[in-house]
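All remarks here apply to the structure that follows.
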Amino acid sequence: MSVTSLKAKLMQGNQACAEGAIYAGASFYAGYPITPSTEIAEILSERLPQVGGRFIQMEDEIASMAAVIGASVTGAKAMTATSGPGFSLKQENIGHAMITEVPCVIANVMRLGPSTGGPTSPAQGDVMQARWGTHGDHPVITLCPNSVQECFELTVKAFNMAERFRTPVFIMFDEIIGHMRERVVLPEPGQIPVVNRKKPEVGPESYKAYEPVDETLVPPMASFGDGYRYHVTGLTHDETGFATTKPEKMAAHLQRLHDKINNFLPEVVDYEEQSIEDAEVVLLAYGSVARAASRAVKDARAAGLKVGLIRPITLWPFPGEAVKKAAAKAKAVIVAEMNLGQIINEVRVAVEGQAPVYGVLRADGEPISPTEILAKIKEVL
Amino acid sequence: MSVTSLKAKLMQGNQACAEGAIYAGASFYAGYPITPSTEIAEILSERLPQVGGRFIQMEDEIASMAAVIGASVTGAKAMTATSGPGFSLKQENIGHAMITEVPCVIANVMRLGPSTGGPTSPAQGDVMQARWGTHGDHPVITLCPNSVQECFELTVKAFNMAERFRTPVFIMFDEIIGHMRERVVLPEPGQIPVVNRKKPEVGPESYKAYEPVDETLVPPMASFGDGYRYHVTGLTHDETGFATTKPEKMAAHLQRLHDKINNFLPEVVDYEEQSIEDAEVVLLAYGSVARAASRAVKDARAAGLKVGLIRPITLWPFPGEAVKKAAAKAKAVIVAEMNLGQIINEVRVAVEGQAPVYGVLRADGEPISPTEILAKIKEVL
Amino acid sequence: MRDHWEIRFGGTGGQGLITAGVILAEAAIIDGKNAVQSQSYGPESRGGSSKAEVMIANDSIDYMKVLAADVLLVMSPEAAKKYCPEVKDDAVVIIDSTYVKDEQPVKGNVYRVNISLLAKQEVGREVVANIVALGVLVGLTKVVSWDALVQAVLARVPKGTEEMNKKALQVGLDAVKGLIDAA
Amino acid sequence: MRDHWEIRFGGTGGQGLITAGVILAEAAIIDGKNAVQSQSYGPESRGGSSKAEVMIANDSIDYMKVLAADVLLVMSPEAAKKYCPEVKDDAVVIIDSTYVKDEQPVKGNVYRVNISLLAKQEVGREVVANIVALGVLVGLTKVVSWDALVQAVLARVPKGTEEMNKKALQVGLDAVKGLIDAA
Amino acid sequence: MNPEIAQYYRVNKLPHIWCPGCSNGIVVRSIVEAIDKAGLDQDKTVIVSGIGCSSRAPGYMNFDTLHTTHGRALAFATGVKLAKPELNVFVITGDGDCTAIGGNHFIHAARRNIDLNVILFNNNIYGMTGGQYSPTSPTGTKATTAVYGNIERSFDSCKLAQTAGASYVARGNAFNTRQLTDIILKGIENPGFSFIEALSSCPVYYGRRNKKGGPADMLKWQRDVCVTQAAYDRLPEEKRAGKIITGVLHHEPQPEYTAEYAKIIEKAQGGNG
Amino acid sequence: MNPEIAQYYRVNKLPHIWCPGCSNGIVVRSIVEAIDKAGLDQDKTVIVSGIGCSSRAPGYMNFDTLHTTHGRALAFATGVKLAKPELNVFVITGDGDCTAIGGNHFIHAARRNIDLNVILFNNNIYGMTGGQYSPTSPTGTKATTAVYGNIERSFDSCKLAQTAGASYVARGNAFNTRQLTDIILKGIENPGFSFIEALSSCPVYYGRRNKKGGPADMLKWQRDVCVTQAAYDRLPEEKRAGKIITGVLHHEPQPEYTAEYAKIIEKAQGGNG
Amino acid sequence: MAIPAEQLKSPVTVNLAWCKGCGICYSLCPTKVLIGNELSKAVVAHPELCTSCRVCEAHCPDYAITVEGGPKR
Amino acid sequence: MAIPAEQLKSPVTVNLAWCKGCGICYSLCPTKVLIGNELSKAVVAHPELCTSCRVCEAHCPDYAITVEGGPKR
């Protein structure tokens, strides 16, 4: 083992998320407890004041999301964490943060739904909701770790992307990842870069709060209290930030929300491939299921089967290009997820009929095992 | 004009929806006002007590959805209506109605989002949210009228399907359809069938609230107060209705939610085709946009272009088979919708790469015109 | 006689243009025709821009929005500016000269009528300007029968205001009598 | 010595099995190994079924859940019934005979130890049954070093209870001393 | 189980999931005893709850029972009652369920004075999620999200109910089961919104972390601090600190919502309401 | 516009979207006058609002302004204030926004006594959506969703604020602009949750349907029915009916949330707070 | 008839572009300085009667009135 | 030592399958009829002392105690 093992610790996924937030410079958390995400709140209620930050337990999830946005407009890096029922409740205000372009991080530790469902059962049933849970149109960035180490690292990345793209960023764990404990090695301060939002370089007179100043299309963001006296509204607005009903302004505004992310897909989209070069069967899995799939790939290869794995790290934007490319050479694509068919639709869009797409789908509170995946591989081959 | 024109009236889409509810036997409405759906509430606040029903303006949309479920378990046919922000807020309780299989109707008169967006601007930006707005997995039935006459008829149908399938049913208008007034001919009582939920035929001793008794997979539903003393919970439950964490029971329960609808797709899925037989360009559009598309088809045909239209009447389940079939013979598929790309994904899934799929997408508060669609047709041909 | 009419009313919220559109569409239904009325308006209750559109046809109506108007009524300078260019060459363009002073439409047959002032001075209340306008419009275009129009107006307006509204219609009609005869 | 251990603890909520799993995993980390601990539990705070799993390996650990256990500890009849069949043929199966009376595992090397009673009687508090169990388990399997175990226990338990917990470990170890030597 | 009360339980679902010593079971018993004493038709009685430990109660109660979403029980119950006013509707809710996430439905149901019997199981903590502070946790409480001590002030949910419009408000506790049964019974008899706060105890999360002793100690504490208004008034000044007033705190009949709605129907159908 | 107040407005956004005679503009003027009198740093002052006619006000006000979602202004404002306690935070809200959909955030912000200055524009109706009844519409009100007359009882939002925990509560009206400015000023000076109900008027939806006359008549009605507590007490019994008490209704300083939180930080960082 | 407003130096001025003709000012003006025109908008009819009390300014919801002099509010 | 409970006809009985050993009953029993066993569950140690006051039954959160006779509650 390398020397860094000196700093190795056993840490829970939720705890790693909380520590990742601190590392990324978070100074504000508002939330409402819900299994299986509660540890994130509990840990941050203790940790944030230690670093001069602030934690508040709000009256519900709607208020939590609201407070996060309020905090972020003052310049704070802010986050909340929840699970399905709370994620549903946050959607309206998530939409507000999307249209007002307020950076923040929302963690969803997924349990079995719909409704109260199985509060302590693992699931991956909210991944389509992450994409489409709000009314209206906007793209989303959604990260999905498959280890405790990644819980830490992707939380840092989530904050970085929130600040870079001026947008809410989701980080979605399944309950297994959130609750499991695993060996992690935490980076030193400075070891992982920490990104801060772009601030205006002009004075208040010439500041237009929603006017992009460079090719990123991301407008610099002044903090409330800095003297810019600007307006933030959830109505469609023009580059000044004030409400408009002019079609061309509305169109430009909503289109820019898309372009500021979609024009930078190579920077955003992240995934991992395993044994994909010659794969006749392409597996796709994420979160804890990806670890079962990874083992299934090894077992399959050991049995002489040409199987590979694509693991999306950004669920959204979805790494469709990689899937398309892999599918072009494959005899079959198998999507394993702890739900009754969600990301599989996105895979179908990417595959474009090049290969049949099968699912290993499960929504019963049980993890998907390598054995099940292997069985499916054998079935389709 | 036929004799029925004697009963012809000019009626607003939202009003037709309210009258459709009355026709279908609705006796309960709970809602919270929001543009552009408010007229449905206003009209029902006057109409319901006239027929012995009840209207309540709740404190918010969450409460409205809750009250609707509460009313329905007592045996009432219940509905609510809202628009994007309210639809977002209702999602958690919609999930509750899904998992508890409580029939009800939710109308969403769509305005421009995200967030407060453009309250009086037409849009079709909530159609993916209708499918994926809740956490967890379940199918949904979503109807989409393109005329005031259909606002009436599909509202009746929405209630019928809610009762038949024991599930919440969405009816989604865009603002244009909700607010426009058009000539309608209302049916006589009895002219359109009205469906009522199946009640238990057994006594309380042998009643299992969530055990299907026939191939419909829909369990008969006792009304509260009828002496069955049964339990309804948003937790995953077994056939008795009581919470369970047994994987096989959870799986069976969630799977049945899918099967009770997906096993009956021919009964559920509805769409309309126009000039599709020999179409080289297949248009797909719904709601008010379908009327622009319909005119575009006529104009194109007049110009000698082989263009046809598929208009989904059920957005969900999506008429993918019809699209697939039409795409097989087409050179191009064009999806026109008042959003930045929603149903187009579903079309891509159906088309499976058989033809390129183009969008005429618009989210600026302006309707899509036949001219724009025609231009696109010419561009892709 | 056209068998398909695209009619547009433009002005500001509070001028009653949507009501006018509804009445016109209802009159068409009474005449046994098909009609669709639609609108667009801002979030303001009063004072924002407001647009009402009516399609009238003998058969089915596909698209519900005006592409190029056969008839245009404008009651604010903004509306005049925006909508005057989007009319057919032979359109009837009615301008409320109380509010629209110097807009110069380049297409259609333009009629300037002091509609709002007439409403206030001849009928006594500016709120009936929309009804005066209907009198003008139907007088000029005969898109619906006068009887149907009167019937539709009476069915919509608050009880007790019937006479005032009938008068408003007449004031509108009278204002363009000469023009119609001349036409 | 195996280089990959799949260890499962089954019982009811409140028995501290998850804590036991965490301690074991922490001991493995102290030993410089890789470890993953996961669990599943019901919605009840107390009394529902509870399962903790620990994977210990020298290199990376793909899948975090036990497929077939190398070591199984069961502390309730339900857990015994459910998990005893899912072990490897040569597994170490530890049964808390305070609660599991007549379950007859068919696979593995079975050790019956009166863990909970020992905790109550020898250490004085039943809450330390999980620590006694760790003493038994590590005594039998040596999956982690004893020093690492002691260190991990002391790092987790509330201040002031260190001695009691050390004693609990020892009680567990002593209970199987004879067996180990015999093995 | 005593056969006197067995008919009101789904006995085959017992034992329940609550922790050893959790007082939820005690409070539920008072509810069913009050229902028994009131002679309500068991087939016409509905129990609605939200989410939380306490909100699991309906699953054990032999009525039509509706377990809803967190905080929303009162809104669901409003639908039940308005759609079928002949039903007797009870709402079982927790301090988090009723006064945190559900606070808005609470004040609105009270304002409408709709005929619901609401029993708030106040254990001063979020039990189900493992011990976070709630809006009724006293200032200074230790909780998993208040490791430095809770800085928030707490609601007096009885006062809130009254100010919002409840026509009947009472407070009881799990120790004094006779009083609790009695004030629930009086609430049933009030045709309007009846709110009963039942002081309960969560020995596992609230008790342990705040050093309140075991389950029996927590009940004894209730015995010691709870007094009726009359008894309080008799207490010498120096003994009043820390006392909690129990009993009926407010009772003032008001027009009931579904009864008023019946008049609307009459009016709409041409009566002269 | 008078230059005295112009600096507080985004003059280029005027005229505003409100209807002729809507009193929202009058109330906003009182707010900016109070801010002026209090001498607040305009760059350190934030105005937060929800959704509604009244909630459009921040768009016209020359500060950092945040127009949020319906009902949630207080929760957003809580985030603003807690994250940057040196800011002066105002919340502009409507009767629907604050007491219907936003009721829960209202009582919780009051409970926490967080230093926000909340001005509720109470026009007794949902103006923005065209005249539905609100939780403050008097019983009997006609509204688009109460064509048979409103059967609900209304909130006294001042009492609710006080019961929930607000440390400062006052009521004013659009007619008595001096008083209104004054009570807002006092609210600014209270370090804690300050709640000011400003009776406003919606001549278009509330006034017309309920036959309250024109804009000026509605203001005159306010003049006639509003009295201070002192004046009320001097009134003979028979003249008291229908009077509305205005002025400061409650003022009792309490620990403020962000100040208490500062102590938590100190404690966590090793101070002995 | 009164002297046309524009010919007097009036302490009160109305910004007609902002005035929405609500009638509040001329209803409340204690000395009837202001009246409504044909579109109900406020016009200064009797500037000479103005006491600079500022009631009109304070109650104009549209900030359309400015009164010079008078009490600081 | 007391006579084993099972040999006396006791007014109070404990359903051990439901008893969770919380200790409430034996803490509250005014006459110490009940005691906790090695797993803290309630056992009837002194049935002869029982006054059928039903305090134990009323406060058993698990409905594990039935007292025969005594006041109707």
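Order of writing sets the chain letters: A, B, C, D, E, F, G and H. Residues in each chain are counted from 1.
Note that in this section a residue touches a chain if its C-beta (ideal position, glycine included) is under 8 Å from a C-beta of that chain, and two chains touch if they have at least 3 such contacts.
On a predicted model such as this, the values are computed, not experimentally measured, just so you know.
Looking at the partners of subunit E and subunit F together, the chains they share are A, B. Greatest Cα centroid separation from subunit B: this falls to H. Averaging Cα coordinates per chain places subunit B and subunit G 55 Å apart. Centres computed as Cα averages put subunit D at a distance of 42 Å from subunit E. In this assembly, the C-alpha centroid of subunit C lies 84 Å from the C-alpha centroid of subunit D. Shared contact sites, meaning residues of subunit B that touch two or more other chains, fall at 35, 46, 49, 59-60, 62, 85, 92, 96, 115-116, 119-121, 233-235, 243, 245.
Across the assembly, subunit E contributes 18-20, 51, 67, 69, 100-101, 103-104, 108, 128, 130, 135, 148, 261, 264, 267-268 as residues in contact with two or more other chains. Contact of a single residue of subunit G with at least two other chains is seen at positions 20. Contacts from subunit B toward subunit F in the complex involve residues 32-35, 38, 41-42, 45-46, 49, 55, 57, 59-61, 85, 115-116. Per the touch definition, subunit A reaches subunit B in the complex via residues 62, 83-85, 87-89, 91-92, 95-96, 98-100, 110, 112-121, 123, 125-126, 128-129, 131-138, 233-236, 245, 247-248, 250-251, 254-255, 258, 339-342, 345-346, 348-349, 351-354, 362-366.
Taken together, the subunit F residues at the contact with subunit B in this complex read 51, 67, 69-71, 100-101, 103, 126, 128-130, 132-133, 135, 144-148.
The touching residues of subunit E, counted against subunit H in their complex, run 1-5, 9, 14-16, 18-26, 29, 33, 174-175, 177-178, 181, 203, 214-217, 219-220.
On subunit H, the positions that touch subunit E within their shared complex are 15, 17-18, 20-24, 27-28, 57-64, 66-67, 72-73.
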